[in-house]
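The same subunit A turns up in both complexes below, where it pairs with subunit B and then with subunit C.
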Partner chain A sequence: MNSLKSALRPRRLSRRRGHLLAGPSCRPLHTTPTRQDEPSTTHFGFKTVGTTDKEPMVQSVFSNVASKYDVMNDAMSLYTHRLWKDDFVSSLDPGRKGPLNCLDVAGGTGDIALRILDHAREKYADRETKVTMVDLNPEMLQEGRKRFKITMYHNTPQIDFHVANAQTLPEDIFPSNSADLYTIAFGIRNCTSIPEVLQSAYRVLKPGGVFACLEFSMPTNPLFRRVYDEYSFSIIPLLGTILASDRESYQYLVESIRKFPSQPEFAQMIRDAGFTTGEDKDGDGGAWRGLFGGIASIHSGVKVQ
Partner chain B sequence: MSRSALLRQAFTHVPSHGFTRRALALSAPEELSDSAVTALFGRGEEAEKTLFQAWLDEGRQDMRGALSEDAKGGEKEKLYALLARRLRYNEPALKHLPDAFALLSSPSFASSLPIPLTLPRFRLLPGLKHVSSVADEACWLLAPSSGSQSTTPTYYLDRTRVAAVYAAAELHQLSAPGRSERFLRDLLEGTGALPQVVGEMGMFAEYVGRSWAGIIRSRGM
Partner chain C sequence: MSVLARIPKARIAQLHRPALAVQARRHRSAPAYPGHIPLNAFENAFLAVGSGIAALLNPRRGDMVAALGETTGHCALPGLLDQMLSSPEGRRVLKERPRVNTHTIALDTLRALPPNTFGRTYANWLDRTGVTPDTRSPVHYIADPEQAYVMQRYRECHDFYHALFGFPVSVQYELALKVFEALHFGLPMAYFSALLGPLRVNGEQRLMLVRDYVPWTMRVAAECKPLIGVYWEERWEQDLAEMKRELGVWDPPVQPKWGKRLTEADKEAARAKAAAAAENDLGAAGEHPPNTT
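Let's turn to the complex of A and B:
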């Protein structure tokens, strides 16, 4: 997720800048089809921007928040993002059936990559599972490198870092049918074109490989949703101002969550890319599994051929 | 390949592997990883329950074939043919059924919190749901229009009788597979007069009730 963030650094950032829990190795959200002579547009929070503008804007956001990324995530989510990430990785259970070749896109500060490697090592004594971290933003990826330097994985074949766009992963570095597991956590909503990210994921995964995405969504309970809205629009930007002196980046975070497709819509996008998903419902065996009443959701799909 | 196609393919592995994650893993041309099985069918035993539930659903669909086989007989013969076909559907997976039913009745509590919460309880409902859905399917296939009479006592009585007969026959099948169809026929014969017995019991209850009402009145109460 961090890597995604890093990948989205902007040259100009109009009113709103980056945000937390965003990952970044892609150009920004889905595009709106337009007439041929008009430039296509996409969302940057609640703003409509040109598709070519979003990537640098998101890049800028993540460049701004890179150094305070983890602290702000803890503050904004009241530490719950750690529980979500633990749940995300433990549900994937890497290492159970042998070593995996994992691709952690929008990997940023390495939260997911580190959990994958730790899970495989601690639970299955697996030191062969490998994670390739990808992020569009070099600053975020640098934070990830720094973090890995204090771990046993530093300078081992188990971890690798690449700056790349999630929408167009280069074939020479990321060959087709090469990965067992593709993870993207809090990153895909920052991409310009979600379908392109999904197609790219489908290409790099081996037959039988798993696409897993942890992303914010909307609570399903109307009352809880109201409370969550109040918290999101009142408290989170305020925390951004106090802890990071950057209200706009955190305002963007909240807005981008509201613009992200609903759980059923995103599940359909995953299927449209060619993946097989669980039943079109929330929960075990479903196409997604809501966490904390739907604040975040784990979506998954399998490349079955 | 869709999820439902994978499940149908997994049915072919049930006789050798049971209702297990292994059977699900073998459902794709390239064996699915454990993560893939989790992603498509659920975590841990939830995936096995998904497979078993889909297998039960398929069994109900399969009952329709009995009508084309024995379309000539009367209603009783057709009912026998429907339930016997459902019992035959069990045969390839018979040795795995006790475990599968135990699994279906085992604790299951999904929390949205990432905390492993499991409430210890034994649930009868899945087993009752299974036999009642078989009975409902059989009654519906015999008289599709009866669905519109869903408020009459006969509607529920018929289904209760068929569900009880099928439950007994299926339990018998687990211990004596060779005699299950004969046992089913005997049960159907024996319960054929059930509606009449229930009616007579109602008359008797009414008679006793009136008697007690008379006694109470004669006492000046």
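Let's turn to the complex of A and C:
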């Protein structure tokens, strides 16, 4: 809960101000992260595909899962994804310093956007905070619209929906230096180029704006990781078969989790995009915070200048 | 006792492979045939239970019914495979692996056969019920390719039994046929359907089923030749009565009641009527009519 406040404290930050300050003791800023793709191919789960092919394949996965997305999330995580999202939003504490302009990318069915608005309203009586939900997939966004229709935010200026690619957020709709908070929950691992997403996030955020990413990661404890692997590769595709008649999409899901960079690597990628993060460790004062033994992690960074 | 001591030696060798391979499912074997999804014992049990519940809650989930059949079929399939291998005809089936779908069955040729042949009876049955030969899902969860084919063959021949006995596709006749399949083939899925299916039909249909068809079904299933080994596609021109004698089946004591007889002529008339109605709409609204086929 305090990791964000710790990240903002001036002491012991790894500052990556800009390439002008790169010195011998700092890590080189333009390093391409080691796990990242070669220019022409990337990974789609455990398969290797052309870079331009990944996006339509991800699109079709999410078009297939959209209608049962929430049900499947509940079943696969045994409802714990709700706890993670609650934790994520309450640690961000939107509304504490006044109304925010938030951007919820890969917002899909609206779990995070709704929690942000509810948190600001319930805790700070804030009805001016605005969330713009962005998703690449129109079917997922449609599920989000349906979810919002039954809430009090429907048809208010507090929520807005756009179909857009997180890597290339259009400048006319998402001007530079305009957002206070950028959230992306369980979406960034599906993007073809993570550095581009991070650069886009950096552009859109105001100075002082916060980048927060909730994403699956691999547990650090080897025994727990083994149990988690067994569960992931045995049960989850079968749950997909039984509940959604779709084994392939959920096989992709569990494989894509394994292909995502590790927590320190991802923290470095966030720093490479220009953000300031906590130290390279888990927990208080760290660049990320693990949940449930590392099954999910919350990475955060601040745009300082 | 260390964890490593409990792992079979073959898997220990796999643990030393590079990291990327370790990320993959260690003990999932390679698929044995196209469409095969290998499952270990735990996954098999999980899918059996899960698909059973899903199929009970929503019997229209054909994929779940199929999955239940495959995950529970391993007790009966070796016996069926043996039955298939026990006759020259069955051995030919297993060697040539005929499939039943619209590409392999030339319906027009069958319709041109003389009446009272098996092929013509089957073609008539398809036309009357509106069923196509394409409705059977592929096998995914059976490890042995030959047993997988036996399962596929069992599924695809279901309509042949309908044609043989002259049963329509309404629920009580489907159940009678399920009882027949349960008793004759011994597959657990057929037993589930046969036992649980009657709970979903109303009292009168259940009475009819139990009184008129089940006793007959039980006797035929016990006394006829193993139908899994029958090469139906070689028998299109065989006279139906003679085929029944040869296979050891006989007609049920009560004639199956068909619904409205929807022959080809009736379908043509219905189509013409729909087209005429669309013409009127077109004239009235000045717009394109919806696609009526």
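Just so it is clear, the second predicted complex is superposed on the first by the 266 of 305 C-alpha atoms of A that agree within 3 Å, B and C clash if a C-alpha of one lies under 4 Å from a C-alpha of the other, contacts with A are read in each partner's own complex, and residues count from 1 in each chain.
Everything below uses one rule, namely that contacts are C-beta pairs under 8 Å (C-beta built on N, C-alpha and C of every residue); 3 or more make two chains touch, one makes a residue touch a chain.
Quick caveat, the model's predicted, so the values are computed rather than measured.
In the superposed model, A:Phe233 lies in contact with subunit C only, and not with subunit B. Touch criterion met: A:Thr241 reaches subunit C, while subunit B stays clear of it.
Put subunit B and subunit C next to each other and count what each touches on subunit A; the higher total goes to B. Using the contact criterion defined above for the overlaid structures, shared-chain residue A:Val163 touches neither subunit B nor subunit C, since it reaches no partner.
Residue contacts after overlaying the shared chain place A:Arg258 against subunit C, while subunit B stays out of touching range.
In the superposed model, A:Ala212 makes contact with subunit B only, not with subunit C. By the document's definition of touching, of the two partners only subunit B reaches A:Pro94; subunit C does not.
Within subunit A, not a single residue is touched by subunit B in the first complex and by subunit C in the second. Taken together, the subunit B residues at the contact with subunit A in this complex read 1-3, 6, 28-36, 38-43, 46-47, 50, 110, 112-114.
Residue ranges on subunit A touching subunit C, taken from their complex, read 46, 223, 233-235, 238-239, 241-243, 245, 247, 258. Residues of subunit C touching subunit A in their complex: 3, 23-25, 28, 37, 40, 42-43, 46-47, 50-51, 54, 61, 63-64, 67. Contact residues of subunit A toward subunit B in the complex are 83-84, 86-87, 90-94, 96-97, 100, 180-181, 207-210, 212, 276-279, 283-285, 290-294, 300-302, 304-305.
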